[in-house]
Structures are given as structure tokens and as C-alpha cells.
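In what comes next, chain A is part of two complexes: it sits with chain B in the first one and with chain C in the second one.
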Partner chain A sequence: MTAQRITRQGLLDWLNGVAAKATLIAPVRVEGIYLFRPIVKIEDIALDYSQSTVPPKEWLFPRSDTLFTIERLDRAYELKPPAAAGPRVLFGIRPCDARALAILDRLFLAEPADNLYEERRQNTVLVGLACARQQLPECFCTSLGGGPQEAANVDVLLAGAGEAYTVTVATEKGQQLLSGATLRDGGEMPPAPSLSNQVPTAGMAERLRLAFNSSYWQRLADRCLGCKMCTYLCPTCHCFDIRDCDVGGHAERVRCWDGCQSALFTKLAGGHNPRASKAARLRQFYAHKYLYFPERFGVTQCVGCGRCAHFCPVNIDIRETLRDLQTLEVCPHGSGETARRREPVGAAFGDSRASA
Partner chain B sequence: MLDLTPDMKLFSLRLQDPAVAESLHYEVGQFALVSVFGVGEAAFDISSLDAPRAALEFAVRRVGTLTEALHEMEEGSVVGVRGPFGNCFPMAEYEGRNLVVIGGGSGMAPLRSVVNYVVQPARRERFGQLLILNGARTPADLAFKHEFEKWASSPQTCLELTVDRGDDDWRGRVALIPDVVRELKPSPLDCVAIVCGPPIMIKFTLKALKDLGFADSQLVGTVETKMKCGIGKCGRCNVGDKYVCLDGPVFTFAEIGRFLEEF
Partner chain C sequence: MSDLVTGIRAQVRDLLARRRVEYVVGYETGSDGVNARPFFAYTTEEADRLVFDNTCTHNLTKYLVEPERRGSTIGVVVKPCDARSLTVLLAEHKFPRDVVAIGVVCPGIVQRTREGGDGEAPQARCQVCDQHTPPACDILVGEATAEGPVLDQFARLAPLEAQSAAERSAFWSQQFERCLRCYACRQTCPQCYCDECFAEALDPEWVGVRIGRAENWLFHAIRCFHLAGRCIGCDECERVCPVKIPLGLLNRKLRKEVLDRFEYRAGTRSDERPPLETFRKEEKLDLA
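On to the complex of A and B.
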């Protein structure tokens, strides 16, 4: 890894060159929120953005993805795959969202690999933008081993703000992408911002096992609307549905984001639903991230981006849940009830954001 | 297409591409995803045995959108199939042992290939005694009647039928499966019991078998979950650290017992 620097104007010039050769996707402000969108004018890029509402995973795993189109022929069907995506540069991705893509890689690239994701991943270069400040009041990346200047999961990392950026080249792909850029030697990493949230995540897998049958989940579920916002905006949630859609004259097989918070998620055609209660579904959200996924893939399936807490309409806050799980007094496996709580569930029952 | 019960049909599929048909191999207990183009796709256990030029068979009960569309199709229609997926019944491990195969209703679908595997004359003597217990709500709901004679006439094989409600022509048992298990008292000695059916039937049947001395490791079943992708990505079939489509659908009840959640 080598560090160099680039001026703001140099960066914009370079991005103009990048956009001529690949689809440049970067954060822009759309109706009051930030989203990753293909860039037409370089000036549209929100270089000083905080955090995108929808994580950039949507460019590797779109919320609605056509697997193939179906044309009906005489006693046969013709299935056509979608046109392949060309080269893309995902610019301005935050270190937590980049880490999330590395987590999604573990799942989507595990054999048998998901070929659509794999193809897009290979055709995408990631340019990270380090956090100069805490981006959301609820974010806690450092509690999960990440950091506001982490360069491990991108090809190039830019750090800084205003007139100059420090450029860290992390991969060969990144080096190639920078070939046309006017770089100067001697870039220095700006001081890392201090982050206010420290959430205890160590030993969470075991805590979840212990609290598995706790009534805690029911109390949490009493607040939950089951809107699935947390799963849609999570940069590591990957569950999907597959359906055939009639699009006038022909059909398409489409996969679209789905989430474990939906009652229909596990319901079988015959009516049986093994995860019928909202409490069990909420538990699945946390257990999948902090217990099952680590058991299977070796990493926690959460990067601490804070979106699920920030956007939850009823203030269910993952930081609070993780703290509650650390302090819940629970009985050994399978014994059902939580013995006694030391602290009230969801201490900040009102507006948890105010305390952030 | 063959009517098995008033709401269950056996679909025989022939692959259009001879090269694919030639290279397709599957094990007892594996599943595949069947597509009705324009309607969707769903997972079904394969009910046939892998054999050269044999059709791929699925026993499908009419319960939802996709199965409804399948049932409405005409002979010779074109459907799609993806697979095979999942693990299988370890039939080689069962050789030399006695087998108890218990199916409730459409739960007999994945077990049909187990039974047909064991009763094949060339293979029959590799296994010990075979007890098949097939139960359904009514006599009409008993699936695979066209194979009962073949099953019952196989050496060292006993086919027991039971229904929840009889009719005027029914001379057989009217009893719940767990009660029949208690009555027949299969010995747990050197035996494996495979149980498939509705959750409530499984629950009480397992209890009856355990009362007879069966250990969880001798009890085998299939975990039926919603599945979309079949390759461990869509998350639908996630139970604990398992994806049923990759690690299942066949599990021992010792393994199922280690799931934190009841599935």
C-alpha cells in the first residue's frame, strides 16, 4: 500500500476520465437523501456526503434483478439471460459498506457461486471514501473491527475533505484505475475521527444462545411493526425472493430483496409456518448476524453502519439490543424463561437517537 | 401424469436435451426445483430412482399457486427443472440394517424412492426387514396405491396402511400413525426409522418410537422449508448455521434436536 495525494480538481478530472471508460456510480443527493446512482455530471457527486440511505450493495445485488426473460414458443420456452453489466466503478463507498461487500462475498461467492453477483463483482472497482467524521449518530464500526479509514476492502481509498485527498492504493485493480490520475507523493492520512459509540459485541454468539428462549424477544417484538426496513437498508442482508412477473407479452423471472421479518418468509404452501411469531423473526435477524453467519462463514454479518437503528420507525436500536443481550440474566439452553433482568429492556424507550 | 389421490399427482418429466438427460444423476432424498414458466418455481423431493433413461418423477399435492398450475397442465406440457440439490438418505449406511419407513399423507413422497430403492430385487437382500407404514386422512388420500402390491410382495417386507377416517369399502386400520407404531412395536435393534409427514404427526410418531427405545441418531427425517434458490443464497431455508437446501433436507433427529429453533 502506498499513500499519495490528489487535489479536489485533480480528483474531478480523473473521475471524468473514469466515467468515459466505465459506468461511474457515486453518491448523489436525491430528494433529500443520498443514494448511489450512475453519474452523468461529475459535479453531481456529493463528495461530502454522510451515508447513503440505501447501501451500495444494490449495485452488486439489485433490489430487483431479472434472472432471465421467458418467451413462449410453440410447445417450448426460450430463456434469455440479461445483458451482461459492463465495467463499473463504485466511487465514494464508505469503509463499513465496503466491509459489508466483503461479507456478502463470503456468501455469494461460496460454491456454488451466484454467477450474477460474481460477474458484477469482477467488473466493479471499489473506490472508498474514508469517514472524516461520524456519519450517523448510531454507527459503531469500530466495535466490530472496522474503522473510519479502513482500506482493506476497497481497491483505492481516498481520505480527506476540502481541497486535497490522501490516496491509498490497496490493489492492482486500484493501481490500474489510477493510471490517468495526477497524483503527488507524500500523502498523509488525516487524523481518524473519534467515534462516540462503543457497543459490546464480544461473545455475542454465546449470549444469543443463552438468550434464545428468553421473553426478551417478545418484548422487543411488541414494538416492532415488521416493516422490514432494517433488512432492506442493511448492507449485509442478502435474502431474496424469486418470482415470475408478466411484463406484457412475455414473462421475466425476477429475484428481489426479501427479509426474514416478513411473516410469509418461511410460510410453506401447505400453511405451516415454522417462524410464525414476530418475536422469532426478530430473533432471527440478530441470531443470523451474530450467531449463525459467524458459525458458517467465520465473520459477524454486521458492520455497525447504524442504518437499521437510524431508520427504524419505532426506534428499535441494534446497539441497545446488543447491550441488553450482554446484561440479560438468562438460564442455560432450552430452559425457556429469562430468570431476571438487571436492566429494563430498551433503556431509552423514547427516542434512542437523542442519546446517541 | 398419474392421479395418486384426489389432490396429489405424480408428474413424470423427460428432459428435452439428451446430453443433459445422460449426465443427470441423483441420490435418494435429493430435491429439485420445478418451474411453470410465467407462474414460478418451487422445490419438490424427487420421488423416482436414478436409472438410465428413467423419467424424473415428482409427487405433488395441490396446495398453492405453483402446484395448482402444475395440476392444471396437460400431458406433454413443458416445465423447467433445476437440480438435483441437497443431501440424500445415506442408503449405503443403511445396508445390513432393518428399516422402518413411516409416511403421513404427502410425506410419503420423499419416502417412495427409499422404499423403491430397497425393494428392487437386485438390492433387496442387502437390507434387513422393511416395515412400511403409510397413513393418510382417508383411504382415497393414500398415495402410491399402484405400487402397494410390489412393496408388499417384496421379501421380508411388511406394508401397513392406516387412515384417520375409513369409508364403506375400507377394511383396514382406522388409527393414528403413532398408535399404530405402538401397536406394531418395531424393534429399535439395528434399525433406522425414517419419518416424514405433517409436523404434528412427526412429533407424536417420534415420541412413540423413542418410547420403544429408538435413539435420536436412529431417527431420520426431511426438514421441509420454503426454498427459492436451492444454492444457499436466498436465506429462506436458514435454520441455525444450516441451509436446508445445502445441508439437508435429510437430517437425523439428533441433528434436528440441536437446532435452537423448532422447524
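On to the complex of A and C.
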């Protein structure tokens, strides 16, 4: 790993070169929010953006993905694979979102690998943009082992703002991508921003096991609206639905995002729903991230980007839930008095709202 | 503590102490210490967590129509616009009259941006609001106020109405391209309560599963038609949209059509049948 410098103009010149050889995808400002979009003009890139509303996972695991098309031939059918993904450069990805892709890798690249994800992943170079400040009031990456300048999950990391950026080359892929760039020696990492949130995440798997039958979930779910925003804006959520679509003349098998907060998500043929209540579905959101995924893949499936808390229409705040879980009085088998006690959410960490 | 908060807490404590209701849906201060969020008070002690101020944006009548709450007697804190939602729901026989509506005189709700750099400017719906005292509530908290002059509620439509159909089509196409179909707009809307939404019906499959422009377009177009003559204009669908699709514009346009054709404003009168569920012989729709 070596550190070098690049000027803002040098960066824009280099990106122009990159865009000529690959699809360049970067944050742009659309109607007051930031989204990762293919870049037509380099000036459209929002170099000083805060955080994208929709995480860049959508460029590896798109909202809708055609798995194959089905053509009817004379007395036969032909299955055609989708067009291959060309080379892509995902520019400006935040360290938390890059960490999220490393988490998605564990699932999608585990044998048997998901071939569409794998192909896109191999054809994509990640250029990270370190956080010069805390991007969302709710983000807490350092509580999960990440950091605003983490270079571990990208090919190249840029840090800085304004006129010059420090360049950290993290992989061979990154080195190659930078071959046309005008770099100068002697880059120095700017000081890391201080982050306001420290959330207790240690031992969360055990806490969730103990709280499985707690009435806490019922209280939290009272105000949940049951939309899928938290799962769709989460950089690590990866559940999907697969269906066949008639697209006029031929059919397609399509994989689309789906989310556990929808009542239909686990509804079975015949009508039974194993997660029939909002409480059970909300518990699933947290337990998948902090209990089930770690059990299977060895890492927490949350990077602390803060989007779910930031965008939730009714302020279901993961920082608050994790704190509550640490102090919640629970009974392991949910049989007794705890289930009858209906403590309000947020009371567990001694707030003073009652006296406001 | 404001008089409104003192008044709400006293009323809720009383309702819960008398077991008139099982619980009350109101507001408490959210995790940022500033903005309100929905809160369910089950005990008289919990009534003391309730607040009311100019951040109480949510339309809490949504919770009344959740399938999981059927059969419960519930108290609900309503602003004037939320009270109109309740009137629509009662007219549609969504539940028997076992709701206790605690109406609050509304100071107007402020617009806050998610980036945190809030102004204290009132929300668009509040700038055109001519009803600060809730109609038809069981309990009224606050002093009824005289209504001042308001902005034209349909002024925001003028730029779009001046465009050609092709221009408007291009505008909405661009907006709907961003839609993720997270359904937050539908889930936050009290007037969206179908057990099975057309958008998720499998047989027949009205809207394809693909999250793409055409499917998104169909979803929003049908949803806004389902709300014609029923939408009371709380604009919560627009507030909650993570990708900032101006859904309030669509609903406002249909409110204007219903007002022009039937002289009807959803939720303002409980003794009037909704225009799209009745037919009068003298109605002339000038349909070509």
C-alpha cells in the first residue's frame, strides 16, 4: 500500500480517461438527493457528496435482474442468458458501503457462486472516497469495526476534499486503473473526522437470542408502518423474489428486491404466514443482521451506515434498538412476567422524555 | 410544557384510567431529541411521555386500519387534517365508531430536511390549510381559533398544468424511474387499507414484479386514482418518499378535479356520501 497525491484537476482528467474505457458510475445530485448513476459528463459527479440515498449495491445486485429470457421456437424453447456486464468503475463509494459489498460477497460468492453477481463483481473496480466528516447524523461505522478512512474493501481510496486528494492504492486492480493518472509522491492522510455515535454492538447475538420472545418487539412494531424502506436502503440487505414475466413475444425470469418487512414476504401458498405480525418481522430485520448472518458467515451484516434510522418515516432507530437490547430485561424462554411487562421503547437507556 | 401537551396528557390519563380505551396513539419525542414520532400509551404513566408540537407530522389514523388492531378500542390524537382522514374512514365503514378521537388545535407543522439544516418554514399543506381546529372530534384540546387567509392550494399545480401532455409524461417518467417500490407512500397513507393491494396481487397480476419505470408508473397511477375523492391532502406520502417523488402533486390534481366536478372536499362533512360511491341523476360529467 503506497500513498500519493492527485490534484482535483488531475482527478477529473483521469476520470475522463476512465470513462472512455469503462462505464463510470458515481454519485450525482438528483432532486436534492444523491444517487449512483452512470456518468455522461464528468462535471456531474458530486465529489463533495454526503451519502447516497440508495446504496451503490444496486450496481452489483440491481433492483430488477433478468436471469434469462425464454424464447419459443418451433416445438422447443431456448433459454438465453442476459448480456454480459462490461467493465465498470464504481467511483466515490463510501468505506461503509464498500464494507457492505465485502459482506454481500460472503453470501453471493459462497459456493455455488451467484454467476451474475460474480461477473459484475469481477468486472467492477471500486474507487473509495473517505469521509471527511460524519455523513449522516445516525451513522456509526466505528462501532462495527469500520472507519471513515477504511481502505480494506476498495481497490483505490481517495481522501481529502477541495483541491487535492491523497491516493491509497490497495490492490493490483487499483494500480492498473491508476496507470493513466498524474500522481505525485508524498500524500498524507488527512485527520479522520470524529464521529458522534458509539453504539454497543458486542454480544448482540446472545442478547438477541435472549430477547427472542420479549414483548419489546411488539412495542417497537406498534409504530412500524411495514414499508420496505429500511431493507431497500440498507447496503447489506439482499433478499429477493423471483418470478417469470411476460414481456410480449417472450418471457423473462426476473429477480427483484424484496424485503422482510412486507407482510407478503413469508406468506406461503395456502395462506399460512410464519412471520404473521409486524413484531416478528421487525425482529427478523435485527436478528438477521446481528444473529443469523454472523452464525452462518462469521460477520455482522450491518456496517452502521445509518440509512435505516435516517430515512425511517416513524423513527425506528437501530442505534436505539441496539442500546435497548443491551439493557433489556429478558427471560430466555419468554414464558413469564417479562412478556407481560410492556416497557416503552427507549426507556431502557434512561431517557428523560417523560418529564419533557 | 405547552397547554396542548398538558391537555393531551390529562385527557389520555383519564381515558386510560377509566378503561374507555385499550391504548392511545399519540406522539412522543423521537431519538434525535427534537422531532416527534408516533407513540402508543398503554398506561397512565406512559401518558406522561406524550408531546405535541410543530414537528408532529405523522397522520396517526393510519394505525387504526391495521389488520392487527381489529377489535380493539383505540384513542388517537388527531390534527385537523388527520380528523378529515378519520371522517373518510368512518364514512367508508372501515370500523364501527369505537375510536376516541382527541383533536388538537394545530399550530402548523414545520418542514424539516433530512440533512438537518432545518428551516422553520411551514409544510406546503400547512400553508394552504384553512382548518386549524379539528372538526368532529370526541375531545378537543386547545382553543378554537379564527381562520386567517391562506395560499391557493392548487397554485403548485399551475406549472405542470401549463405543460403539454408529452412534457408531463416526460416529467413523471423521470420521477417514477427513481421509485424503489418500497411502498412507504402506501404504508403511511390512512386511505390505503386494502387487505390485498392491487400492486401485489398475484392472480391476476396487475403490476409486474419488476421494479422498473413502467411498473412503477402503473402503481402510482392506479394508487392516485384509488385516492380520488378520498385523499385529504396530508402529503405524508410525499414526505416519507426516500427518493423524493412529488406524489403530493398527483393527489392534489385529483383533489382539484373532485372539487370542480362535485364540490366535494374529502373528510370535511360526515353527513355527505363520497362522490365516487354515489350517483345523482343531475350529475353531468361532460364525458365525450
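A few comments on the model shown:
The definition used in the following text is that the second predicted complex is superposed on the first by the 333 of 356 C-alpha atoms of A that agree within 3 Å, B and C clash if a C-alpha of one lies under 4 Å from a C-alpha of the other, contacts with A are read in each partner's own complex, and residues count from 1 in each chain.
One rule holds for everything that comes next: a residue touches a chain if its C-beta (ideal position, glycine included) is under 8 Å from a C-beta of that chain, and two chains touch if they have at least 3 such contacts.
All figures in this text were calculated on a predicted structure; none of them were measured in a lab.
Look at chain A after the overlay: chain B and chain C fit there side by side. Shared-chain residue A:D241: touches chain B and chain C both.
Residue contacts after overlaying the shared chain place A:F108 against chain B, while chain C stays out of touching range. Once the two complexes are overlaid on the shared chain, A:I33 sits against chain C while remaining clear of chain B. When the two complexes are overlaid on their common chain A, residue A:S215 makes contact with neither chain B nor chain C. When the two complexes are overlaid on their common chain A, residue A:Q4 makes contact with neither chain B nor chain C.
Once the two structures are overlaid on chain A, chain A sits at the apex of an angle of 90° toward chain B and chain C, using CA centres and rounding to a multiple of 10. Of the two partner chains placed by the overlay, only chain C lies in contact with A:F311; chain B stays clear of it. Contact with neither chain B nor chain C is seen for A:T142 once the two complexes are overlaid on the shared chain.
Minimum C-alpha separation, chain B to chain C, in the superposed model: 7 Å. Touching of chain A by both chain B and chain C, each in its own complex, is seen for residues 241, 243.
Those residues of chain A lying in contact with chain C across their complex are 30-33, 35, 50, 53-54, 63-64, 137, 219, 222-223, 225-229, 231-233, 241, 243, 245, 254, 256-257, 259, 262, 264, 277-278, 309-311, 313-315, 317, 319-320, 342, 344, 346, 353-356. By the touch criterion given at the top, residues 1, 28-32, 35, 37-40, 42-43, 45-46, 48-49, 51, 58, 62-63, 66, 68, 114-116, 178, 180-184, 186-188, 200, 208-212, 236, 239-240, 242-244 of chain C touch chain A in their complex. For chain B in complex with chain A, the touching residues are 16, 35, 37-42, 61, 63-67, 76, 78, 80, 198-199, 224-226, 228-229, 231-236, 238-241, 260-263.
Residues 70, 72, 75-77, 79, 107-108, 110, 112, 114, 209, 212, 238-244, 246, 251, 253, 255, 258, 260, 265-272, 274-275, 280, 284, 287-288, 291-293, 295-296, 333 of chain A touch chain B in their complex.
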